[in-house]
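Everything on this sheet refers to the single structure shown next.
All chains are identified by letter, namely A, B, C and D, in their written order; residue positions are counted from 1 within each chain.
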Amino acid sequence: MDLINAALSKYVYVVTIFLMVAGLFVVVARANMIKKLVGLSIFQSSVYLLYLGPAKIFGATAPILDSDYTAYSNPLPHALILTAIVVGVGTMALGLALVVRIHEAYGTIEEDEIFEEDGEE
Amino acid sequence: MELLISFALFTLLGVVTVAIVSQRNLVAVVILGSIYSFLIASVMVVLDAVDVALTEASVGAGISTVLLLAGLKLTRTRDYRGQDPNVVGALLAIAVGGALVWGSLVLPPFGAPDAPIHQHVAPRYIEGAGTEIGVPNIVTAVLADYRGFDTLGETTVVFVAGMAVLLLLRRSSLQSAPPSDDEQPAMSGDLVLRVGTKLILPFILLFALYVQFHGDYGPGGGFQAGVIAASAVILLGLTLGLRRARRIAPPALAHAMIPLGVLIFAGTGVATMLLGGDFLEYAVLAHEAKEGHHLGIMLVEAGVLVTVSGTMISLFYAFVERGR
Amino acid sequence: MTVLAAQLPALLIVLPLIAAALVALVRSDRVAFAITLAVSLVLPVIAALLLHRALVAGPISYQLGGWSPPWGIEYRIDVLNGFVLMLVSAVAAVAAPYARRSLAAELGDGHATFYAIYLLCLTGLLGVTITGDAFNVFVFLEISSLATYALIAMGRHRRAALAAFQYLIVGTIGATFYVIGVGFLYLLTGTLNLADMAQRLAALPDEQSRAVLTATAFITVGVSLKLALFPLHFWLPKAYTYAPSWAAAFLSATATKVAIYLLVRFFFTVLGVDVVFDRVLLALSLAGMFIASVIAIYESNIKRMMAYSSIAQIGYITLGMALSNKAGLTGALVHLLNHAVTKGTLFLALGAVALRLGSVKLQDLAGLGRRMPLTMGAFSVAAFGIIGTPGTAGFISKWYLATGALEAGEATLAFLIVASSLVSVIYMGRVLEVTWFRPPSPLALQAKDPPLSMLGPIVIFAAASVYLGLDTRGSASIASLAADQLLGARP
Amino acid sequence: MTGPSPELLVLLALAIPFAGALAVAALGRWPNLREAATLVTGAALFAVVLTLSAAVFGGARPELAGLAVAPGLALAFEVEPLGMLFALVASGLWILNSIYSIGYMRAHDEPRQTTFYVCFALAIGSTIGIAFAQNLFALFLFYEALTLSTFPLVTHKQSPEAMRSGRLYLLLLLGTSMVLFLPAIAITWALSGTLDFTAGSLLAGKASPLVIGALLGLYVFGIGKAAVMPVHFWLPAAMVAPTPVSAFLHAVAVVKAGVFSILKVVVYVFGPDALRIGSAGEWLVWVACASLLLGSLIALRQDNLKARLAYSTVSQLAYVVVGAALATPAALTGAGLQIATHAAAKITLFFCAGAIYVAAHKTQVSELDGIGRRMPITMTAFFVGSLSIIGLPPLGGLWSKWMLGVGAMQADAGWVLGVLMVSSLLSAAYLLPIPVRAFFAPSPEPPSEPVRIQEAPLPCLLALTVTAILSILLFFQAEPIAALLRGVPGAG
């Protein structure tokens, strides 16, 4: 059992980091601004896992007091990530608003096309 | 069993991510993103983070998706021409990943109860939620009380985002021309939808209220409730048309709610100061400390609800009206 | 009264926040401006009281929610962040009167919301500086960042939105990096309180130092993206060039400074940064100092020229950090203030030029010296400050930096510091030559000094940049005190 | 002795001019009061400096600890013999210069007079600051202040030509100071760890002769005000300025401040011993001698009177640099004396040039035939000034040249003595013809009409007479100055 748990814990790390890399790649490598934003949110959500994964204690339950349980997973990361999610959606909304403005100004939301249009400075 | 689910979910997560990275049709990307959020939410449940799961579900799968679709509509983008693989980006991302692996190998393993994070600060919360504050949902206790100031900051972030989007997208004055009667709401054609919406609306709002006030005992709280309430209005706007939505939730009101919630939250803090406590020290709000904490948490959660729902509705209006 | 005094740390953040909410409720630009101005003028007073108390009675600790650290969030004010709080609030206060006319000209009427967002940006910056909690830093960092993106996006040029978007991407990546770093530290120590974290990190077993190193790397990169450390500076020139003049001035004077403060805080009080980081930082700082200055020489848009000059100046600050001896660190910290004042003058003056000329292209500024004597006079004074002429604030910073370099036995470094200011002689000299000695350009012909509400701040900043070059009791001596504390506390 | 403490006096000497500037600015609307303010300022300043000199002659070294800007960096002042002498010369001549200005500016009713007098006061204030500076930092500050405050004076006419030369003036002086002088200071500090002027060398044994030589170069050319060739262009260009300004630039403050700074750096930073012949500083002797001869040669070929005088300044003040470069006791004394005697003589000449311009609107030497019969006093004064420049008895100029010669011998560099001789002959060649032709050559106007005396306005006349007499006095009263200068380390 512990062996599987250990395996899972490593597996969570691996997936988390994979998500991070993938998200970052999309942000850096894709020119389409909306896709950039999606990549950004993947990148951020991977961080959620970085915090939430370790908060889990095997055999413990969700941190809601209950007479049947004594062991609870760590509530602090939950609170932090709740905040982080909200920050994430705020960023996303603002980013989209900017994309809309840019589209109105340039008629495209492909970064490279914009740079071709009025010179990368 | 639980383990099996976990493995499966994580694997799926990876698969969906690959799909998102490679997919060119942006609509598909957005839908996949929504699925991705649901998966993450489920993963969070597995990790015992039920409150976070609820939030991610309502925000990631809900609001973000709506916003992204609106963005797509406004920028009239469907898909974009593929581009030559970006080596620099790949190398950069991989380098970062490498650093992470290298560093994380020596981190304490998951699930072990003897890790520092379970030993040092958290126990006080798990203890105190019951004894000091009297709120069964420990996350709520941490969120609204122990680290209530972070939550004020979080609400402020929503406030900033809302104001910023309004500043950027709002045409000249707050009231842009009310939509003409002949405008066709997105899906007004479908009778089932129209009736269905009418039927479901009360339940959505009811659920929102439940999430709001049950937040002390079960998963939930002002933020999730706010999003859910907003989604009711958004659904209304999508199916029955903006005009109806505006009549039920006037934009001006929505805009006013954004700062109002922050004022309620901060005002609670100021009140505690005036009563001789520190900022957001709820205990002073009532004769009996626990009463004070209850009152304080209720007030700030209300503030969060007001700001969040107001913001989400305003965002919806801002994006949709920018379109015409 | 004593009760109030005890609540000052919270008030410093809550006042602008509540003001922002109120401003968001009003429609009238005039009322919004009045509220903004009033709050901006109160904050420095509070900051001054806090700094004074930190100087005489040692660090102040304020427990938000009444929860003692590490369980609750703690506000912790020592000389260092007291100094930065003072700097940020004072700059905001002096620049505030400038806003009304400048915004009216650049944004047109109906910009009340802009003030709300500005106040939130200010709240965020102050919050990052004052807090003693790693995650609280992130929250307020995002408040200020989101606000900043909006402020920048409101610039008139269509590139403003583009600049804001790119900054948003970069800034969010930076913030996320920071969170990752903090996450590592949290997993290692189980706490988010910086002071507590520092102690527990010191007690960490060696085999986990790798994780600490990774955390340090992520936090450094994340914050460096925010403070535009070369080569992570690419977002800054666009942002400051296309932002509304007043916002550009405010941000260039405060935002990067707060980011630098954050880096200093982590380097010196939380993490024991090993020599490698110092050497890397040193190299990047030098590269920034020279490359950015050289780029500035070839710029014809003066706002962008100033932006590149800012990057070079940031290089000086990080250089002083990297030296990490008393003189060097003092130079870095005092340059936070000196550069804020100097660059504030330059950007505000350019804002006045933009108001009168509608352009900040070099050729349009020809002969402007005689048309806008006070504005360009202030500009020239500040220009000498950037060059580092004795008698200006800029010289003091470089003096300390050079001393630090020599104390570290790096004579070549001291020489490079002097040499780099010679590079700035070139581009600043070019601007001064054109503005004072060329026949007036057609645009310049009908220009005149801006209204008093804008001229006042410009002149005050210029005067300050000279005053701080002669009387350093308020700047360098406090900075050196802070440097002492930091070096004393360094793990 | 009772009365104000030396510290207070130093403070007053520094404060009075700036207070005066404020007063002048405030009284701008009432010209008479404004001029009165200028004169009062001048008188008060001179009085203070004079009282101060009493103490310094007595061997005291009054100090004023200003504010410490940074460790090892202070805005501090100390009055030592060289500075005392410079301050005396500057503040004394400034009064006459002001009197003259009033006459000149009014005769021309020039525009922007208030600005003129304000800058004038600021400039003398900066000069005093330079004279009393206790370290390189303070010196540099006031050096730049002097440049900036004199710029409006140079460009006073604001004609395109004035702006052009003003630009050259500013760019050359600021440029050299930023690019050469300031780094020189930085290097000095890096090597020695202090910027204070202290007896003996700051650098002895701290740097290789090569570095010393190079550093000296940075100083000599960084201090562009000294107009050592090839950084002398600004000086002839600046003659577009009104004559009182030229007098101020050449005789009272600016160029003097330059050579004074070099002298001060040589004595208190390098230390005389570091720069004797055969040392790293020797090249300076050559450069200075070249500058000295070339200046005279160019002056010979100038027909414009002020231009000729300008190049004469380039040449004459190279004497001071020669003295500094030789750095033998007599040479240093001579250099100090030269500052004083040249000041008195050159200001006389410029006053005369201005007087001629005011009275007869003539600027070219070739136009001056016979003018001596119309302006006898002026041309007599001019003659006296010329003799002093050439260095003939019974004029002060003799002593400085004499001591420099002795100094050259002390350094057994006979050839320098030769150079000095030649240069004196050259100066005779370009100066003496002027008064001679003025008195004896037939004037171009038809002799029919009677020649009537037609001198410049009284203030001008007064000023130039006094300065002429001063040059004569310096011949008989040189000893006290020499005594004062013996207080300079290395000049005893």
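One rule holds in what follows: contacts are C-beta pairs under 8 Å (C-beta built on N, C-alpha and C of every residue); 3 or more make two chains touch, one makes a residue touch a chain.
What you see is a predicted model; the values in this text were computed from it and never measured.
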| item | value |
| --- | --- |
| Dominant chain pairing [most C-beta pairs in contact] | A-B |
| Centroid-based (C-alpha) most distant chain relative to subunit B | D |
| Subunit A and subunit C: spacing of chain centres that average the CA atoms, whole Å | 29 |
| CA centroid of subunit A to CA centroid of subunit D, Å | 73 |
| Rounded Å distance, subunit B centre to subunit C centre (Cα mean) | 32 |
| Interchain centroid distance [CA atoms averaged], subunit B/subunit D, Å | 77 |
| Junction residues of subunit C - those touching two or more other chains | 135, 139, 142, 146, 149-150, 153, 161, 180, 186-187, 192 |
| Residues of subunit B whose C-beta touches two or more other chains | 100, 104, 107-108, 115, 117-118, 121-122, 125, 147, 150, 153-154, 157, 160-161, 164, 168 |
| Where subunit D touches two or more other chains at once, by residue number | none |
| Chain contact topology (line, ring, star, complete or other) | other |
| All touching chain pairs, where touch follows the definition stated at the start | A-B, A-C, B-C, C-D |
| Residue ranges of subunit D in contact with subunit C within the complex | 67, 69-73, 75, 137, 140-141, 144-145, 163, 166-167, 171, 175, 178-179, 182-183, 186, 190 |
| Subunit C residues touching subunit D - in the complex, by the definition given at the top | 387, 389-391, 396, 399-400, 402-403, 406, 411, 414-415, 418, 422, 425, 429, 433, 436-437, 469-473, 476 |
| Of all residues in subunit C, those that touch subunit A in their complex | 135, 138-139, 142, 146, 149-150, 153, 158-159, 161-162, 164-165, 168-169, 172-173, 176, 179-180, 183, 186-187, 192, 237-238, 304 |
| Touch list for subunit A against partner subunit B, complex | 4-6, 8-9, 11-13, 15, 17-26, 28-32, 34-35, 37-39, 41-42, 45, 48-49, 52-58, 60-66, 71-83, 85-94, 96-101, 103, 109-110, 112 |
| Subunit B partner contacts - residues on subunit C that touch it in the complex | 3, 7, 10, 14, 17-18, 20-22, 24-25, 27, 62-67, 70-73, 110, 113-114, 116-117, 120, 123, 127, 135-136, 139-140, 142-143, 146-147, 149-150, 153-154, 161, 180, 184, 186-192, 200, 207-208, 210-211, 213-215, 217-218 |
